[in-house]
């Protein structure tokens, strides 16, 4: 009698631990910065926000917009008003109501907070009007085809207006996402717990989510293998075979919406005044001398699809015409000869990590066969940024995490005053086309404009695209229902531990 | 390493006896042998490297050690053995030159501070303590970042960061030597300070400095590796053992040979310097007859 | 003695001031623009100007320094540029972690260094001496991060005995805490064992060579065990002094170890802060490390003077 009681007790204990052990542990590539969507800049921060903060709209894996806090939306005829219908009965983590007034307060904050990093993203917004409790109209100064995609990210995240009035909001962020903030220990962990009053709480299966930043890819994978993590982002490509062959792990890669490339200094200060910066034929020769298929094979283990343009393979704006680029050393040499040079020297700067360095060394070796003498310069990211802006570089290796709207992958990089145009490439015709393309919403018309721009850009080559940024995830077999998204964020809807 | 615990060492009278004592110490001779071996390797490296250590070879990516590739190949198909031969130069010179810089700058400061005392000593000592209390690696990172990335600058940065150790050590030695009869005597007969420092004080302060130098060469070699990792040391595609190790770290499970050999090389050469230094110390210690 | 301590404390003040100036100057030498780092991809000139203004980055260096130092004197170390978390709070959460790591590492170092030192002194010149010597030196000669990665690969991945990285507060789970600390402590401690072994050996040899012991030995008056006991007692004080000093170094030396094992301590905090150009954190942490280091040195010196009373007046 006594014994069976003990056994029942033990069984009960076991079951209760099993039930309470619904903690998902995610390994991140680095520690996020401020936990305030309007002031944050890091990619890993976006991963945390994906569980913490709901936004007006979300995207689907095939890059379509889907309702989140807004149930429907409509453009006015002149393309200058975007009206959202909001989901009724949504509350923030602190119990405040998520209504039209809250949306207005948020968009106004993102536009006007002095240190908001969302200002450029919401640049076209002139005012936000509360139509009724659940209807918001966003008035624009000019038509803006990119706005919806901005609102599907940090700029469209809704924070509790009562909470963001506090100076230390970033230390205890209050949003309306499926998980609410519990604690953060810098460099160690960010803990979220289930928000029971979430409008879609049933779709989420974890009581707790713990994000642990582990910058070293080897150690991150070691933790997954040892069972201390359930899921990790950005697996090192060199570890792909080891994950694939592990019976307890799942490899879940997805080609992203971002790209890697080489920015060439064509017009930024004295260092642009080189043959490479001034003569497009030399840039074309450089592109022809590099075999990205080999890079994909040697460094990428097959997950670095070669890129020829800023738009990802999955994007409707991708132009397949350029996909068949092949290495051609003879043609590269001919181009150099035509340009009247035999040897071209330049410095290739890159942020130091093993993968990038490997690719830089490969580019150096391959381009040497065509007559390029490349010196390599690995540098810290923080130092690189300033030098790039100041024009103190020949060629920079750059990576862009990518945006859903095509504009986000091209406009800031090649327009004359583009914020991220480090090479200062400037062509008024390109500016005109790209400005027009961002001001309309019709996909067909936009595609035609982007095709025109690409015909020029891929001939002049201010940026040589190298490969599409993949988002390789690795996860435990225990995990069910995980679906990678091309934006690299982790969405936990429907993800659960297999019983 | 600290003034409190370093042994007091009297003037070594006979060089030959020191050598004889050193040669009797098998561990020390072994250490000296290792160091000598790597110095030789550094000198003849380009002559004996079986393959091009720089040029990638995409058909031989991460091949395990074999008769052809003794230490295997790396992530870009290059022969690890050939790269290590070349890397010996970078790593050894990073260790030796940076410590040389530290000694050349540090010892005079320590001599002056210990010998003259007073405000000179006070200000040098405060500055030394201030420098010592900033973590070595942080200091080196900041200096190397400031100077710009290259192997030479990394050496300078490491040398400057290691300098305070030598100031402090020298000062401590000078303090204990200063009170000895022969220094007092030299002062009494009015020999110039400079001469006394050079002739009587320095030689007696030198043995522990040499011992410290061996220890510091060890940490300097490792510091170079850390700086290489941050893009502040050896520039690719040229190898140093440290930079090889840092690349290899990502391939620990797939290609362990990439890290085992450079790691062992660092271990061996550092061990060599340590054994050598310890033997030197014992040989120079007059009490151990 | 009290006067001596007071004097030493007074001397420490200019040193700490010097450190604060040094750190301030050093980070201004670092390439890069903290505002660009903070702003990420946002390049709105108004935002950049605001950030510059907010962190007073356009003020003359001297003004920036005194503004910062004035705040420090009031106990305000500022907030992290990266996460908004007050620097003091960061330090208070990270410091115990690193101290625990340092204590564990010290235990490892003592456990290897002292026996090895005693053995090699007593068995001087024999092959046992060599083995002890080489063992202790091996710990010093293995690159820290290499040993760390090797251990992770073997112990965590292959054998799955210990967690590969991270930190669990002892209050949360003591056993787990010890498990996470074990490998980092070994990696950090083995490097120090050689120092300890060297000094134990030389202190022991010094005592063994003293006239008192020599005479006693020659006359066969003392049993070897007694000699050992006596020698050890006399050698202990310098060892304790050295340990105190090494402890200060351990705090600083944890930088690399914490990086490998992703331990959220002081070292990791400061390295990350350097790379993110999080000036407030770099300044605060290095200042704090320096104060700790100077304090440990002071403690070592006091201990040393306590054992050698004749030194009290010498200074």
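Order of writing sets the labels: A, B and C. Residues in every chain begin at 1.
Quick note on the criterion: a contact is a pair of C-beta atoms (placed from the backbone, for glycine too) under 8 Å apart; a residue touches a chain by one contact, two chains touch by 3 or more.
These numbers come from a predicted model, not from an experiment.
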Relative to chain B, which chain's C-alpha centre is the most remote?
A
Between A-C and A-B, the pair joined by more C-beta contacts
A-C
What's the distance between the Cα centroids of chain B and chain C, rounded to whole Å?
21
Distance from the mean Cα position of chain B to that of chain A, given in whole angstrom
44
Quick check: how many Å separate the C-alpha centres of chain A and chain C?
39
Mind pulling the chain C residues that touch 2 or more other chains?
30-31, 149, 153, 157
Where in chain B do residues touch two or more other chains at once?
145, 249, 252-253
Listing for chain A: what residues touch at least two other chains?
216, 218, 380, 383
Quick check: in the complex, which residue numbers of chain C touch chain A?
30-34, 36-44, 46-47, 50-51, 54, 80, 82-85, 90, 93, 149, 152-153, 156-157, 160, 163-167, 260-262, 264, 268-269, 272, 275-277
Chain A touches which residues of chain B in the complex?
55-56, 58, 61, 75-77, 145, 149, 229-232, 235-237, 246-247, 249-254
Would you pull the chain A residues touching chain C in the complex into a rising list?
31-36, 41-42, 114-120, 168, 170-171, 184-188, 212-216, 218-219, 222-223, 225-228, 380-387, 389, 412, 419-420
Going by the contact rule set out above, which residues of chain C touch chain B in the complex?
11, 14-16, 18-19, 22-23, 26-27, 29-31, 130, 133-134, 137-138, 140-146, 149-150, 153, 157, 194-195, 198-199, 202-203, 205-206, 209, 238, 241-242, 245, 252-253, 255-256, 267, 270-271, 274, 286, 289-291, 293-294, 297, 300-301, 304
The answer for chain B against chain C in the complex is residues 1-2, 4-5, 7, 26-27, 122, 126-127, 129-139, 141-143, 145-146, 215, 218, 222, 225-226, 242, 245, 249, 252-253, 259, 263, 266-268, 270-271, 274-275, 278, 287-288
